[in-house]
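Each chain gets a letter, A, B, C, D, E and F, in the order it is written, and its residues are counted from 1.
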Amino acid sequence: MFMHNKRLQYTVRVSQPNPALASLLLEQFGGPDGELAAAMRYFTQGLSEDDPGRKDMLLDIATEELSHLEVIGSIVAMLNKGVKAQLSEAAMEEAELYLAINAGGDSHTQSLLYGGGPALTNSSGVPWTAAYVDSRGDPSCDLRSNIAAESRAKIIYERLINITDDPGIKDALGFLMTREVAHQKSFEKALYSIQDNFPSGKLPGLTQYANMYVNASQGEGDALGPWNEGEQWERVDNIEEYLPVDGGDGLATVKLSKAETKTMEAMATRLQSDPASNPATGADMGAGPGAGKLTDEDMGGAADMGEAKAMAKKLN
Amino acid sequence: MFMHNKRLQYTVRVSQPNPALASLLLEQFGGPDGELAAAMRYFTQGLSEDDPGRKDMLLDIATEELSHLEVIGSIVAMLNKGVKAQLSEAAMEEAELYLAINAGGDSHTQSLLYGGGPALTNSSGVPWTAAYVDSRGDPSCDLRSNIAAESRAKIIYERLINITDDPGIKDALGFLMTREVAHQKSFEKALYSIQDNFPSGKLPGLTQYANMYVNASQGEGDALGPWNEGEQWERVDNIEEYLPVDGGDGLATVKLSKAETKTMEAMATRLQSDPASNPATGADMGAGPGAGKLTDEDMGGAADMGEAKAMAKKLN
Amino acid sequence: MFMHNKRLQYTVRVSQPNPALASLLLEQFGGPDGELAAAMRYFTQGLSEDDPGRKDMLLDIATEELSHLEVIGSIVAMLNKGVKAQLSEAAMEEAELYLAINAGGDSHTQSLLYGGGPALTNSSGVPWTAAYVDSRGDPSCDLRSNIAAESRAKIIYERLINITDDPGIKDALGFLMTREVAHQKSFEKALYSIQDNFPSGKLPGLTQYANMYVNASQGEGDALGPWNEGEQWERVDNIEEYLPVDGGDGLATVKLSKAETKTMEAMATRLQSDPASNPATGADMGAGPGAGKLTDEDMGGAADMGEAKAMAKKLN
Amino acid sequence: MFMHNKRLQYTVRVSQPNPALASLLLEQFGGPDGELAAAMRYFTQGLSEDDPGRKDMLLDIATEELSHLEVIGSIVAMLNKGVKAQLSEAAMEEAELYLAINAGGDSHTQSLLYGGGPALTNSSGVPWTAAYVDSRGDPSCDLRSNIAAESRAKIIYERLINITDDPGIKDALGFLMTREVAHQKSFEKALYSIQDNFPSGKLPGLTQYANMYVNASQGEGDALGPWNEGEQWERVDNIEEYLPVDGGDGLATVKLSKAETKTMEAMATRLQSDPASNPATGADMGAGPGAGKLTDEDMGGAADMGEAKAMAKKLN
Amino acid sequence: MFMHNKRLQYTVRVSQPNPALASLLLEQFGGPDGELAAAMRYFTQGLSEDDPGRKDMLLDIATEELSHLEVIGSIVAMLNKGVKAQLSEAAMEEAELYLAINAGGDSHTQSLLYGGGPALTNSSGVPWTAAYVDSRGDPSCDLRSNIAAESRAKIIYERLINITDDPGIKDALGFLMTREVAHQKSFEKALYSIQDNFPSGKLPGLTQYANMYVNASQGEGDALGPWNEGEQWERVDNIEEYLPVDGGDGLATVKLSKAETKTMEAMATRLQSDPASNPATGADMGAGPGAGKLTDEDMGGAADMGEAKAMAKKLN
Amino acid sequence: MFMHNKRLQYTVRVSQPNPALASLLLEQFGGPDGELAAAMRYFTQGLSEDDPGRKDMLLDIATEELSHLEVIGSIVAMLNKGVKAQLSEAAMEEAELYLAINAGGDSHTQSLLYGGGPALTNSSGVPWTAAYVDSRGDPSCDLRSNIAAESRAKIIYERLINITDDPGIKDALGFLMTREVAHQKSFEKALYSIQDNFPSGKLPGLTQYANMYVNASQGEGDALGPWNEGEQWERVDNIEEYLPVDGGDGLATVKLSKAETKTMEAMATRLQSDPASNPATGADMGAGPGAGKLTDEDMGGAADMGEAKAMAKKLN
């Protein structure tokens, strides 16, 4: 069960209201790498985890992330406190209020729709979605996902620190950023204390495809590195020779019943695009006066009209 | 620029149509760990990557993932080939067709809406969203995200292999699963060949908070492990003593201008919920005959009516 | 700050695994009226609330809802425990596992994608979205929204109780359902202890439109009730006479500058659909052999072909 | 069946084009409390309502809300009329047009993507979603939801009025705002004319939990009010003593079959994180030159490099 | 299988960084008519297409659209190149960086969250969703959808060209725009070479309803054109006379079993809103001091208070 | 303004309740080609249309589509009428109700969450989104989009007719399907009565790229048809020779300022992945006992353990 103490984990001291900055900080409230995403990621994993150590760790960190959600949300609330009251009480002339809520970011929506409260959106106003939570119920995946998520959350905090000069906000963001570093370390320890954690799952993979590197993008810029050369890699450069890699015909086939085959043929006949036809089309009809079949000239034909000609010049 | 050869990277041989299985396989076509997510993850990273080696690798793997999207999509198309034609041609009685499209999973939607074509949804019919793509433009984050994503994709393929007994599909899924293992290895190499990759970004973190472990979930089940004990960790068990960790007052404050403060007070006065009142409420009015203020008895009062009483028994 | 005790607020005793039932219960985990929605609704309101009593109440209830999220999630985890291990260890033949994960609801996705962990989706697999949270930063709105949300959550629990015969689950659902009743009562008290809570906000509304009832849906079934008749209502039955209600011309107009007007006219001229033309169209061309302009006969013309005729009969 | 008269319910007179204001007004066109949400809320309820009086009322109000959607959409269309034509006809230099479409809010998207037409998005460009519609098919819930929705719509109109100084727009918004007040009154009447409307549904709730108030958030700021004290409330302050409230063990358990238990154990063994290990981790390897296990010094170790040191100072 | 050459299909030369313009161009990267939508539309159709000619064409064009995704994404990456490095390296004072990332559009999110990489969002930051892809598995629908999509993509490019004065970007956009024209022509040819392509599908439609034009919107502004008059149309002006068009009772009915009927009646009785009552409501209670039942005066009653009176004046 | 008559445009006679069929029919209520999508498409276009004829037509058809939304919603309500009452009144044993709400499709969610009312979701329970509406404010695009949308809606109705044997439902669906045919015809007339409707917009396109067909997908299956051969097409088969088509270097470049260049270089140096390193990685560490660097044998190494070996066999 959760309990709450009204004191924040970290004191929030904001120098002055600034709804535009508030809207940027929402990235860590309701954004994809924000604190709700973090808390829900670990909480959902913790609920179904059977390993006692990991379960404890996941619930510890989930609970702390909820407390961070509270810290970042409190900063946002403070930054919006002025505009919230002004809009609510109609304390200024319309034109002034219009400017106050339009100061940057998506602060206009934060004021008009959310009344200055911290909304579970990112900095563009996109509502938080559980599609951000990638818990899969396997610890060797989930811990890797958590490690990655912490590293992402760290960098977003760093970017926010880089654009903020309010010292109290900077302090709190520095704390929050550092906690992501600590959490990443915990998840790393938990991952590497699983003896066989690579590859994830139980099936080992097929030997012949596990060390193949497919050089699918070629041309100037082709490069070598430990990710595609060395004793553990077989690099495939001549892709079309290995097409398909299994030596089959490279086609997709399915065995249909007789009835299915017959129905399929009926459908194919009914719906065929006759390659030998050269039909007039809707585009032909719509291509302007004098156009029958579109030709190279027709495309430029519109350019005979003065204004469009100028347009065309702009392009060429 | 992309080019395409109509041969698949891996030959697809499906034993017989099965739209319900098709709808499960969509998890790797349009699901969060599916091949489109993989391709777009690496492609968007590759476009803005400045390191020539990583750029090449990202485009290589993005291109291969598009080819995997083609393989899994081709399996889905084959599994749906029967029902697609039958529905299109109305080749069976209505009741038969109704059963054919309702065989399990979300195959009903795949047939009715998508006409049996592979749709960019997951196995519940949820449309693919770029919210699945967590590219952040920093390689020490993005490579960790890619590592995690590959481990997740691997486990989803393993689960699909575990539930499929069509040998041709099993073969192709085994190939696709193994390629995720190989890709994870490449991304690991690329990550660890960045000299300082932890923590991500440039700011080092605040020393005093980087090694703190907050034991926020307590009680029976509290556990120790390398993630929270050992020389590198300071574990905080008595949380309320460290509340807030910065030694401040743990409150959220903002400095308002005089005008803002006055407006805020006006708002607070207008909107206060008077703690000394005990108002009758809408719930009081709606709580049934004889109810004024709701009391313990009132809640049970509804139970005087015969049927509701039986209901209440079911619960108690 | 949040803290957590590993004991649940209510003991969860599940008789046996049942992933299909689990997927239905997700409605209250990650559905629109589920516990995450409730917790986030009150938490976001609490963070920006300035009234001390309401702030305390909102944080109390938000915290309890998180604890309910834990209870319902734990039930889901228990119900999925069997299939999670079986799929992870490939403990059964493929065909058996296929059936096990396809038992009903959207349990297939819960098993394949989420590995049996409680996922933040509703019972159709739709990921939770903050679009469910309707906090607006005004207490007379927010408390009404909370009252409504609690009444909705109550009814969903009631429906789940009605379809569940596992006594341990029924018990826990009964507890959770009742707590929604208690929360609704608290929110009602808080609303009605605001002296002037109707209408919400500060602007009183325009007298002449506040008591008008527009009988916009007419014909058989037109009915009277306290919502549209009585001394406080002026019912408008003859709508077109009052069109527009302000006595103006009922048009939408804007004053454009000269330059804008000229540009607008140029656009209108370029893009007009000539009402005096009767052009041949793409549909005309595609309507089959012999069709020029489509006429009543043309539509039926397809019916000359044997099979389509039968089709048409099915319809007529 | 619906019919339409081209006259608006309220005349729209816009002083001059202003695409930025248009984008703010979209909140009531395609936002969560906008007119489409209102219309669809009542329309979906009306379709399945069996009570003749409520059905009539729901269809009356749904129809009027569609007419309001038309009014607000017409204002938006007028405000965008200039930029629509200018962009369509390329009537200005590129740099001028760039500024014209970038005047504030999300007007850039409204111009580029929607061509100046009213789009079903909110003021941040988020597309309308039926997730906003909370019809549940029970009148004691749905009417409460409608009451809350009307109060929210009212406040959004009030906020828009507060930031607009175009008198014609202000007039129309005042009309629309007032109609929400009238609709709320109708829904209140309909709710309270259901004799037993609290709690919603048929099950009465469990007496012992219906009057309990869980003081889950404690510390400075704890407050009393009619929502948690008085004869009808039992307040639980010492939460851990009541954990769990049912007097059980507070654990989540499920009875597994023998086979399931064995599989579960196999999985647990395979996937355990060994608490007695202290593995080197990926983070250890990535923590820069000289780092083995991360210690307190290591975190600061990066600070030896000049620039990062300055960074760290910024934070401390 | 896909292959990739690192050379772009069209050379990208950007004059200088401009993150605000970058965020506008995202409309064609991750917007609804952007290149990913185009590529996925044709790719999903191609995978399940059985007609060899169309399959080839769909894969040709899908592959080219992926190459266009690369071109537009590369422009975005170039435009963001400055801000990406500056934010990553904290190369400027906080206040300068704040301005740099807030230059317009939704560039703030592109910088903070996506690190300057091209993100799969539209110009308002809305993540790409497969809901944009309307492949239905029937060529006479899908080709029409493709034709429409190409015409939309063309116009968005035209609008972007109209607001851009960077000649290198203008060039590339001109190329991309023109390719949409070419693709539309291909799809038109493919559609019209299906002999019977209208109406889509196999069922011919019911003769009596296929030529009926329902004049559902009446009043000033009613107009005639080839879409509603001429020999092929029967226009229905007097709608209520034809209500319902089938000559039935215009009601919705279902045959219920006896048990269902009885249950339905029980529900109706329990939940009826008594039309003969005139209950006091929550709104009545909240309407301020002195209010009992709301009357016309009560609404204005609030106006007795000085400030609200002024408010009301603003409205009237 | 809209008005409503309670009679439906087409009489709905349902033989018996069937919630599973109801959930399939939702495709045309809240699905992407459903009636809400149609109504909103035309309504949003109509509001900003300046051509009087088209405006009238768009409002006529939008209004009729709302009436169709009512018809299809009424069918759904009838099909759900039994289960709605049974669940509401708990009229059956739990196990029976469980089966009743689990009869197929996504009827479980329709019953539990939406209470049997018609919900604005598709047949998989995905909430309707305005992302389905592709109005762009240019008639030559919008009319093409409308034509395509009508053809899609027609085919979905045809598929539903093909799986339904309730004669009353079949009748109503036949009517609705036919109206889509009629609407398509109107939109075709309106499109082709715009004199120059191809290409959409004002810019004519660049002559040299308008007739080029890029044969981007090659290999067995390459085909010819009117869409890529004939006098109006220049087909590019040797793609790499034309790479890039503009004869440039095919690179993406941007001119950075000196300061930007310097910052970019600092970032590149800090973040480079050293191609000459061959670092041990997290995967190496996690690959099980004895593994150092992963080699071909390591991948198979796991196969030494009995069970995994058997697994591997399953795959090979």
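Please note the rule applied: contacts are C-beta pairs under 8 Å (C-beta built on N, C-alpha and C of every residue); 3 or more make two chains touch, one makes a residue touch a chain.
Just so you know, these numbers come straight off a predicted model, no measurement behind them.
Trainee: Touching both subunit B and subunit D, which chains are there?
Mentor: Chains in contact with subunit B as well as subunit D: A, C, E, F.
Trainee: State the chain with the largest centre-to-centre distance from subunit C, centres being mean CA positions.
Mentor: A
Trainee: So which pair out of B-D, D-E or D-F basically repeats A-E, with more than half the contacts the same?
Mentor: D-E
Trainee: Farthest from subunit B by Cα centre, which chain is it? Let me know.
Mentor: Chain E.
Trainee: In terms of C-beta pairs in contact, which of B-F and A-B ranks higher?
Mentor: A-B
Trainee: How many angstrom between the C-alpha centroids of subunit C and subunit A?
Mentor: Centre separation, subunit A to subunit C: 24 Å.
Trainee: Roughly how many whole angstrom separate the Cα centroids of subunit C and subunit E?
Mentor: 19
Trainee: In subunit E, which residues are in touch with two or more of the other chains?
Mentor: 1-9, 32-33, 53-54, 56, 59-60, 62-64, 67, 74, 77, 81, 84, 88-90, 106, 113, 115, 121, 124-127, 129, 131, 136, 138, 140, 147, 155-156, 161, 171, 174, 181, 184-185, 189-196, 198-199, 201-203, 205-206, 210-211, 216-217, 221-226, 232, 240, 243-244, 250, 264, 267, 270, 273-275, 277-283, 285, 294, 299, 311, 315-316
Trainee: What residues of subunit B sit close enough to touch subunit D in their complex?
Mentor: Listed in rising order, the residues of subunit B that touch subunit D are 140, 191-192, 194-199, 202-207, 210-211, 223-226, 230-232, 273-275, 277-279, 282-283, 285-289, 293-296, 299-303, 307-308, 311-312, 315-316.
Trainee: Inside the complex, what are the residues of subunit C that reach subunit D?
Mentor: Touch residues, subunit C against subunit D: 5-17, 32-33, 52-57, 59-64, 67, 74-75, 77-79, 81-82, 84-86, 88-89, 91, 129, 131-132, 134, 136, 138, 140-141, 144-145, 147-148, 151-152, 154-156, 158, 161, 171, 174-175, 177-182, 184-187, 189-190, 193, 198-203, 205-206, 209-217, 221-228, 232, 240, 243-246, 248-257, 259-260, 263-264, 266-267, 270.
Trainee: Name, in rising order, each residue of subunit C that touches subunit B in their complex.
Mentor: So the residues of subunit C touching subunit B come out as 1-7, 50-51, 53-54, 87, 90, 93-95, 97-98, 101-102, 106, 108-109, 111-113, 115, 121, 124-127, 138-140, 147, 161, 170-171, 174, 181, 184-185, 188-196, 202, 311.
Trainee: For the complex, which residues does subunit B have touching subunit E?
Mentor: 1-9, 30, 36, 40, 43-45, 47-48, 56, 59-60, 62-64, 66-67, 69-70, 73-74, 76-77, 80-81, 84, 88-90, 113-121, 127-131, 133, 135-138, 201-202, 279-282, 285
Trainee: Across the complex, what residues on subunit B touch subunit C?
Mentor: Listed in rising order, the residues of subunit B that touch subunit C are 20-21, 24, 27, 31-33, 90, 104-106, 122-126, 155-156, 159-160, 162-165, 216-222, 239-240, 243-244, 250, 264, 267-268, 270-275, 277-284, 294, 299, 314-316.
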